[in-house]
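Below: the structure, in structure tokens.
Letters A, B, C and D name the chains as they come in the text, with residue numbers starting at 1 for each one.
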Amino acid sequence: MIGANKNEHLVISADPDHPANLICSLCKNFYTNGWVTGTGGGISIRDKPNNLIYLAPSGVQKERMLPENIFVKHFDHQDQYVRVPQGLKPSACTPLFLSSYNLRDAGSCIHTHSQAAVMVSLLHGAEFRISNIEQIKALPKFNSEGKKIGYMDFHDELIIPIIENTPFEEDLTGALQEAIKKYPGTTAVLVRRHGIYVWGEDVWKAKVYNEAIDYLLELAVKMYGVGIPTTCGIGEEKQYLKNLQN
Amino acid sequence: MIGANKNEHLVISADPDHPANLICSLCKNFYTNGWVTGTGGGISIRDKPNNLIYLAPSGVQKERMLPENIFVKHFDHQDQYVRVPQGLKPSACTPLFLSSYNLRDAGSCIHTHSQAAVMVSLLHGAEFRISNIEQIKALPKFNSEGKKIGYMDFHDELIIPIIENTPFEEDLTGALQEAIKKYPGTTAVLVRRHGIYVWGEDVWKAKVYNEAIDYLLELAVKMYGVGIPTTCGIGEEKQYLKNLQN
Amino acid sequence: MIGANKNEHLVISADPDHPANLICSLCKNFYTNGWVTGTGGGISIRDKPNNLIYLAPSGVQKERMLPENIFVKHFDHQDQYVRVPQGLKPSACTPLFLSSYNLRDAGSCIHTHSQAAVMVSLLHGAEFRISNIEQIKALPKFNSEGKKIGYMDFHDELIIPIIENTPFEEDLTGALQEAIKKYPGTTAVLVRRHGIYVWGEDVWKAKVYNEAIDYLLELAVKMYGVGIPTTCGIGEEKQYLKNLQN
Amino acid sequence: MIGANKNEHLVISADPDHPANLICSLCKNFYTNGWVTGTGGGISIRDKPNNLIYLAPSGVQKERMLPENIFVKHFDHQDQYVRVPQGLKPSACTPLFLSSYNLRDAGSCIHTHSQAAVMVSLLHGAEFRISNIEQIKALPKFNSEGKKIGYMDFHDELIIPIIENTPFEEDLTGALQEAIKKYPGTTAVLVRRHGIYVWGEDVWKAKVYNEAIDYLLELAVKMYGVGIPTTCGIGEEKQYLKNLQN
């Protein structure tokens, strides 16, 4: 599976928006946000015009990654690599990233170990649900075939499935694919006691969706702290509060 | 409403304090503070000498915005644009920003999705009130016509109205204008489960007011956590505490 | 009191450790830490060899301050300025900074609106006390005349007096001076519902003391959250815990 | 013990990955993370090929440290220094760093005053235990002789011993060495009311282990806040929750 360190030209570019450069700059941004602490997490970007898939390597400090560390696959031959960085192993997240490409035609997929995601997975059951928060409007709305038809409304209930973690990351693939199929309306899957996978039609959409979802997860933990359920109806918040305010 | 991509000169300047540059640099600052996560929030600056209004576009990542992404209106012809960036949509916040200019002669208006603002809107009713905190002194005092007459005192009670959110942001305009008229003493309006609008006589004042208010909102959430009401009288804090301290 | 904008040479230097430059770079650092939000807080540095006192101005955004914004006094003529920046007002903190110089021979004094300081002032009475935390060892030990004789020990109890806030900052001077005299062992004074003043024998000591104290204040708020008093004896923590751990 | 300020060449290098440069850049990173506030904490890197040990000095602001501030020892003559920076004192952590080199053949050792570490030491008894969290997989697995045999599994229980603090940091050496011997499976030792020591086979491993452990400590404090024990079995979380969620 792993060939020679060839095709250097696929990852070396002066364009800051080239996938290999973007993976590195976005991972620095994720590190600052505490999402990829201790080599955790990862990201993949799909270059649709050239039919290529770029993947961050396994076990590398995400904030110190370089373009030459990036793996590349051809979309039509997903069982092999067209570029393998020397001395590095492919990420165990690879089949999960590919699932979002193959099942939802995503253009990028982000995986983080966000603590808000882990906390929400401890506080919620098989699904995370939240509604009536403005930030929900940053998230996409899909039809029953998983095709994007616009953006969610303020009153819409965001539902993100939570799958159980497995000892080996690649073994999550089955459960993740099942969740993607069962929830055509979602653009993310939470993994209990682990983190989250978020995808989008391109890298910027994936980044924005991941940010918006993490904001909602963080808010959900705070709401739990004061006792307000995330699906609480508007105007019903006060009945849950233990301390009186003006 | 949307004309050609003309009047490039209105947004291109080497001066870091030019409104188009300031909108970009301040949005980076807001992003770092977690106020404009996932394209949320926005800002408008009014150039009073030239009678122009600068507006951040809709749905753009705020920390990656460029001066050429900025919309411009003439103050006297608010129903049209004198500059429209290619491929971008005007922000749905536009009528809200304009309301602060028209009703209070503001020079800049900031909108954030601050989580402290959302939390306070869940914990409080029709108004957020806080008093006896030094940071209040950074906020302006107005007479009953909404004219600034100085700064608030330490003992003054800061009152910020909380309006209910609407599915479409532009539909907030009516309630926001009503709140501005009903509360001549405020320089901000909270939107429940959404965020906050803060304005000031110029961009720096708006920035400082927004920071000072967000500090107070964040503090209010912490005070709620230990059970002390935000309007608690000086010396009465201890009666609310569940844990004894020295 | 306010003379012409003369003596520019006192604040313009290529040396990053010149007091006028340090005030600016440290204020940026403080802004990042959330200590001088919304123009709050301030800092003064005393240039002992040249017998000068440098002071940040009032009401300026601390992270955007420039060397030319700095006020300068001669130590022997504290009732006047040898340099006044154009268009700016002296800080209301000035008499408080001077108190630390005159009563304790300090070389620098820092004032912040740290939220941890405000929270601790709400949770504690006339004094903040904490002991048996390693970070205490970063703080100075004084004899009964307020002369530094070394550093605190792990088991020493740090005691910081808390004075009541006043509507005008300069009116704190009396209470602050009284606290300084009553507590020769302290290098800081908390102001209830306001913030903290911390001084040190030079600017670096003041910075380190302020950081160490803020760390302890932040920790104290967290300890309160789980019910452990800040003066809890070693080994007695568990009796206060509501949730059982392994 | 302290010789002349010789052997400057040992600490001056244009290579950013030279130990003297790395100590400085990593300490900046640690400062940003709040781990070395107020001169607290430290780091040592062992240069195995050249048989040298690099040590950060005592009492210096960690984010402002320079390569010329670094102490150097020869591994075979640990009772003396081959380089002593002028005007600085060796760190009291030195014997603790050396313990990890001598007992576990570590290549680097990091000491922080992380507040999460202090909080966990207040909430837990003689050991900190956590299991069933993905981030655990970033940590090394050792055999009963303390030899690394791979990485921990998701279901493995991470056990970090907690030793009691002593008034003088060097007096921790005995208890730390005892803990290292008693827990061949650990790569870290917590010090109650003080912080943590983390080591690894090289500097990057030590950094990653420290990050991963701090993530888990921070998560543990949050789990305590909602009442879920860190060793809670998968699927048993809900029975500990006081507030109901969907």
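Simple rule for what comes next: a residue touches a chain if its C-beta (ideal position, glycine included) is under 8 Å from a C-beta of that chain, and two chains touch if they have at least 3 such contacts.
From a predicted model like this one, the values you see are computed outputs, not experimental measurements.
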> What's the overlap between the neighbours of chain A and those of chain B?
Replying inline: none
> Do chain B and chain C face each other with the same patch, meaning over half of the contact numbers show up on both, or with different patches?
Replying inline: different
>> Taking the mean of the CA coordinates per chain, how far is chain B from chain D in Å?
In response: 43
>> Centroid of chain C to centroid of chain D, CA atoms only: how many Å?
In response: 30
>> Give the residues of chain C touching no fewer than two other chains, as numbers and ranges.
In response: 225
> Once bound in the complex, which stretches of chain C touch chain B?
Replying inline: 34, 37-40, 61, 113, 115, 118-119, 122-125, 127, 129, 164-167, 191-195, 221, 224-225, 227, 229-231, 240
>> For a test of understanding, state which residues of chain A touch chain B in their complex under the given definition.
In response: 132-135, 138, 153-155, 204, 207-209, 211-212, 214-215, 218-219, 222-223, 225-226, 228, 234, 237-238, 241, 243-246
